[in-house]
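Next, two complexes with chain A in common: one pairs it with chain B, the other with chain C.
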Partner chain A sequence: MTHLDITRRNFIVSTAAAGGGMMLGFYLPSAAQAANIANNPWERPTAKDGQEINAWLVIDPDGTVTVRVAQSEMGEGIFTSLPMIVAEELQADWKAIKAEYADANRHIKNNNVYQRMSTGGSGAVRLSRVYLQQAGASARERLKEAAAKDWGVTRADVAAKDSVLTSGTKRGTYAEFATKAAQITLDKEPAIKIPDQYTFMGTSVARLDTPLKVNGTATFGIDVRLPGMVYAAVMAHPIPGGDAGTRAQRTLKSFDFNAIKARPGVIGAYELKPQGDTTSGVQPGVAVVADTWYRAKTALGLMPIQWEMGPDVAINSNGLFDRMRKALTEPGAAVSRKDGDAEGAIAKAAKKIEGVYESPYVAHACMEPMNCTVAITNDRVDVYGGFQNPPGALSVVADNLGVQPNNVYTHTTFLGGGFGRRSRNDEVRQAAAVAKLAGKPVKMVWTREEDFRQGTHRPMAVTKFQAGIGADGMPTGLWIRSVQHSITAHSRPEAVVNGLDNGAIEGFRTNVYNIPNQYVDMHIRNSHIPVHFYRSVAVSQNIFQIESFIDEMAQAGGKDPMQYRIDLTKDLPDYQLVLKTLKEKSGWTTNLPKGTGMGIGLSVAFGTVVAQAATVSVTRRGALTVEKIVCALDCGHLVNPSIAEAQVQSSIVMGLGDATIHEITVDKGQVVQGNFDTFPIIRMNQMPIIETHFALTGGDKWGGMGEPALPPTAAAVANAIFYATGKRVRSMPFSHTDLSWS
Partner chain B sequence: MNAVPSQTLMAPRPLNRRMFLLGAGGLVATVTLVPQFAKSDTIAFPNNSLSYIKTAMGEGAINQGRITLDLPVLAETGNSVPITFNAEAPMPDGTFVKRIMMFVPGNPEILGADYILNPLSGSNVSIGTRIRLARTQNVYAVAQYSDNSRWGTQFNVLVTYGACVEDIFAVENEEYLKRQEMRGLTVPDELRGYVVQEGK
Partner chain C sequence: MALNLTVNGKAYSVDVEPETPLLWVIRDSIGLTGTKFGCGIAKCGACTVHIDGAAAKSCNTAASAAVGKAITTIEGLSADSKHPVQVAWTEIDVPQCGYCQSGQIMAAAALLSKNKRPTDADIDAEMSDNVCRCGTYQRIRQAIHRASELA
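Coming up: the complex of A and B.
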């Protein structure tokens, strides 16, 4: 796909400031600036066939170095930060670096040569850094060795920098020695650099994918075009998920294709038979295939469909919350943590407090709706889409179609938002089924309504906290019982033993506070609603709950919440650094005029410690404005500070949405919300000022950056609301709580 | 986990026992230097592996030694970790390794490998394969010799990214356990695990 033609997207339209005329600005990327990544990111960014030095990098005759990236670009910047890691060791000229996705088919054929190809757990940099550095260092040493051999010197006498090899007066480029380097095996692999030696990692270089996204040539899943391709719109059963028992009663009864057969472009309508897991497999449903997606979607919308609803039609959100609240007093909770005697300490305490906190299901709401394109031929299957787990997508297609994984080729596009949603591969399995039924390459795209309706969503949770406060105002005991919809209990039940899913109560079980007597247990109460990892997973709802209660405890003891947290983490140097940095940079105070307030939230996720202070103002009538959020964090080290800062900002936006407006509710077994009118997300005019401060302890710490800044936001805002209004918010989203004050 | 209680070790063999050469006509040479079945330390295996061991190898203590594990100290991914079992065999009196079992208590399924050998397996028992590790854990291997003695070993492998379970909070769990230890709080075995209880 070339992008030399000026298509509609290549225009940047600007209006003249005065005189009312309209000026069209044309932006044509210069050759040097363009295409560090091919607009189809699975393709080679250069036309030439270069020399592969190792699986991770190819050197072209003109010196271009293509780095293969095993994670998926969903805005978190890995198409830049991961090549930076290789470049640090390789010592190639950054201007000559290009990037492409690693090939999942090769990965599975070559014994997982790319180590880890899933994107999640804020793990792209922290989990691949060592072997990426190793790949770059190995290539560099082999290039040096090739030059050394040629020049009759030892490798130690050869210097490598900016794609140039030198020794005395001898000089050569990486391109010249690439072929020879590829033949060389080192008897000992070189040591990799330690952070103190970095000269390039840690700098804020411009992202490689920005030009493609600005000029619109970046290919997302919804942009894929194949020759002979047709389009599918699908509707799966309006009551999604469930367990095997209820799903068997939830069926597609009939659909009347004749009613839409004559509509323009309509090719066929196919029944989707249920296959595989009840939430990540194919749900019962129907697909309409046409020559354009609009025609397919319109026809599907007009086609009469009869569903058997099954028993889950009786389920609604009120019932689900009631069930969870009831479980708080039911026996059989699974114990996760038991230090000392929390119950006893609380019973004896000078003061006791308790609170129940609630969080709903929340949709990932990726801006790009779920989609996948599948092309089946006799000898291979090609699958296109935004996959957070390409080898996973590969294997579900192989499984669904009954073909050998070796003959399945995935092509990952840019992702219009992942947040965990795109690692489930349910849409991939469904697209493969449609392609097989249609007998042609098919691009399947969900409507926004289908996207909300089918999930999968962030779990709901209800948690009860009790604490004992001593005469000195400090806590003597903390007791927590959480009722959770457990992702693992559905997707991997064998991993949940005796009702204990420690992942679901992350943040409770592992809270960092030095409180002598602590007790944590849980109940699992799953519903039919399909759930999956949401950005930051369990802590996305758990931190709001515990951090709000920690504030309640501080207030019950007459303590300042910032100092309280500093005191309770005195023995943890990274928490001390983060909290003290935040205190200073935010100008922390609880002494603002009524109607304004500052609040704090603290959490850790994927090794990164984050604290945020939110400043809010609330009108007397209860309208909330989040004015500013100051964030201090310790992720150990940074590869690209500006990309990391962008991750903080985007996490906070999502956390703010969770706090104030995001909510998925269930009625008659179905998801109520269908589009962004009923599931609002944070808009530009609601954006607070965000300040980010990196307070890094370095050393061995390499924490993630994609998710950890999300959890503290809701707590910081809720705690600020308390200081502004005197009101304690105990459920998300805050839109349900009357914040008016007088 | 509880240590397997020590039981009576095999009685030491007489020094001048005849040595059988495999496939030889049976001519015997008296060997003056024979490794003693020295009294060794025993090794405790995870509770949930004991029933497997009992069914396969009968009862008895597992001595430390004779079998070694070749494993990386750090596996960047648990998907495919190379492992080699090496066992001393045959012993001078002709005992040979008849069974090797491997346990991975941090995985959803604790039994990782099970090899049944016979005298023809050769004089250098060395088995190489690749295993999946869900998370950082001790890998245990036990070899049973034809004289029914059991010899075992363990090796700790650091897995930075678990294979069987998306161990997304493994870092947090490790930090939590370290913190508890630092604060002088004991975390009992059954509460140490993360998603999967150790040795299901």
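Coming up: the complex of A and C.
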């Protein structure tokens, strides 16, 4: 059940655990009704005879309003939350709202009309709300103006509600005035609503895409079928990434097409030549094309292929970790933060503690393996797939094929998971290369093994912490040195100045605890393994590290870890609300019988403050069960509480996987894990109960929702393990640590 | 070689190697793409269909082994998305990205057809072959309980 407490000016929206679940308001769309989104979501769900009012919306003669959505649907709910924002201002009847993807080709031809088409940074609502509200408000006022002119009244005399315009006894629908409204230019754009004026945003409307996702009709990239299409299976060089120098030395030596060419359905085998940069370009490799994907994949598996391995074949995970551990004492670290004199304060402190924490590479492991479909004709190229960044996909295809970007058309499908992986577009560039070689429309699909081996992983990191604890148990100084694999050093080397990548040490640099002396520096130690944004990016590993050490500090000072955090954030009202909500809702205690424990983790990402309390039990032999995770968070405002709650659950499950079982390791330069047998994902029987409490401070705060609930989970679980067993887990995944106790 | 298969009550003759996994016959030869490919090694459940009413992973079922049996895919579970599992899934808004959901729904429907009132432990036992990277498990559990009330 959902209940709403109004405490002073703060709103606490809580959703119950296993039993209830959030009640959805308004009507439930059903597949029996006309779909609200086309199966092919890049297509208009209705007949195309509507009147475009502005780039964001179209009104049909029957009153249907189609909202263009310029972010990609990978589960985070943008196909519902973004139209809700437009509908709020438009005063449209929600039952008449449909949605389609905005067109990236139009975007690039029309001066970036959709503003921001790359989905990431938990930014769909956070960064596009204002202009979506504006688009809806502007359309509403133009409709009112059109009616006012017709009726000989002023615009102020016209009211708009539920897609109906009224003034005195006059009445007209949006559809009736759409054509006239499209001709109207306002002398000044209307003001948009402030949150107190919302009547629709903030309600748990049912998702518009659910009907397509319960009957198998939602089109994902892997489902695209084009006339005359053939299928490609690919194998890129088993050693991924690298720099220009090492890539030149790891090559495709030979492949024997004769060995497979008589196999059923096989059409051809092609060498993929390196192109573009080393981590998001085309890697050296081979594609086999056939009349079905299974035949292509089977033939590829049987074809003899010889690779020149190059120098990166000497690299393995132990060596990479050793290099990072060694860097902890090497000179030349880039300083990011220096408040007071941390070293001096620690040296003088009553008590001094230190700890080294480690996190491995982690794969995005989207449920839908990477794929892309490309059709090249004389005057245009059509590209189909689950793009997190459609204009980026468009530009890599233009670059690969040497065609004008204006002639490339992307068709974004539903994404079978994204988490950052589908913003890289390496598979798009590769598919364009294969389609050109094959001379036919091609659907290229990676095997799961290829998906792991050509992954672009969450960076690994090793961090050393030192702290001084005063006689009163409170910290006097905190010193942090982090060794990181820098994403930015690969993707935008010019942004790394004097060895400093502030993005990589988010969570350390941005630590908000009121500790008098703080110092943070870093070393970058990159390897050939490609790295990329993972859900919540750097804080996904850094918050585990620092929030575990903060618990060590509390412990060393004899403090309760919950109260310690409350005391160290007392000037920050949002942290206070979140922590106090968590304390109350979780029934916080450090007094559980041995073998059970509660732990806390706290983080901020993309403007949203999140705290979690995990309850675990550990058997004497060391088997861990995470029983429950209570989450309190402040993202300022909610567009759709039910969707937001789902994102919290989703992030926690992924964070729990990172904490306990996820790990990508490297041997002979290659990714060891190839499928879900070696890279397990959290399953139903490992699920804790998750309870979510939105503790909202409102005001100007609009924090992100898709990622921020991930980072605290690993720390909360690790800290709970400490209270259960007395054992401090200092590396992810925890499955490597012996948790037995007696 | 031609194999005769019955999918969602319709007869199909497909020209594939007999060892071809049923998954690829359903998706590429027959063109029903609601059944998904996740791993190909029976470790994720995205490809779950019903064979003679029981949940089966179509990625490791040879097409030849399904000859003469009734194969049901997500498209054939109901004509109008009104199977209790689909209704419950819609009420609770279970799917996120949705990619695993055909498999989850088919697995849940098979569970409920043999166990009308599954406990949480039954759900853990029967649904743990189906991976969801979006972590929709809590709502899946709620929706199975809800579907069991609706059925």
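Keep this in mind: the second predicted complex is superposed on the first by the 708 of 742 C-alpha atoms of A that agree within 3 Å, B and C clash if a C-alpha of one lies under 4 Å from a C-alpha of the other, contacts with A are read in each partner's own complex, and residues count from 1 in each chain.
Operating definition for what follows: a contact is a pair of C-beta atoms (placed from the backbone, for glycine too) under 8 Å apart; a residue touches a chain by one contact, two chains touch by 3 or more.
Quantities reported herein were computed from a predicted structural model and do not represent experimental measurements.
Asks: In the superposed model on chain A, is it clash or fit for chain B and chain C?
Replies: Pair status: fit.
Asks: A:675 in the overlay: touching chain B, chain C, both, or neither? Say first, second, both or neither.
Replies: After superposing on A, A:675 lies in contact with chain C but is clear of chain B.
Asks: Contacts for A:356 in the overlay, against chain B (first) and chain C (second): which applies, first, second, both or neither?
Replies: neither
Asks: Tell me the contact category for A:556 with respect to chain B and chain C: first, second, both or neither.
Replies: Once the two structures are laid over each other on A, A:556 reaches no partner at all.
Asks: Under the stated touch criterion, which partner chain does A:159 make contact with: chain B (first), chain C (second), both, or neither?
Replies: Neither partner.
Asks: Which of the two partners, first being chain B and second being chain C, lies in contact with A:184: first, second, both, or neither?
Replies: neither
Asks: Spot which of chain B and chain C makes contact with more residues of chain A, would you?
Replies: Of chain B and chain C, C contacts more residues of chain A.
Asks: Return first, second, both or neither, reflecting whether A:577 touches chain B, chain C, both chains, or no partner chain.
Replies: Once the two structures are laid over each other on A, A:577 reaches no partner at all.
Asks: Examine A:501 and indicate which partner it touches, taking first as chain B and second as chain C; both and neither are also allowed.
Replies: A:501 contacts chain B only, not chain C.
Asks: After the superposition, pull out the minimum Cα separation from chain B to chain C in whole angstrom, please.
Replies: 22
Asks: What does chain C use to touch chain A in their complex?
Replies: Residues in contact with chain A: 16-17, 20-21, 24, 27-29, 31-41, 43-44, 46, 73-75, 77-78, 80-82, 86, 89-102, 105, 120, 123-125, 127-142.
Asks: In their shared complex, at which residues does chain B touch chain A?
Replies: 76-77, 79-80, 108, 130, 160-161, 165-166, 168-169, 171-173, 175-176, 179-180, 182-183, 185, 188, 191, 193-197, 200
Asks: Show which residues of chain A lie in contact with chain C when the two form their complex.
Replies: Against chain C, the touching part of chain A is residues 18-21, 24, 28-32, 73-77, 206-207, 209-220, 222-223, 225, 231, 264, 292-295, 365-369, 414-419, 445, 447-448, 642-643, 646, 649-654, 675-677, 681-685, 687, 689-690.
Asks: Spell out the part of chain A that touches chain B in their complex, as residue ranges.
Replies: Touching chain B: residues 111-112, 115-116, 118, 120-121, 123, 127-128, 130-131, 335-340, 488, 492, 494-498, 500-503, 506, 509-510, 512, 514, 533, 537-538, 571-572, 604-607, 703 of chain A.
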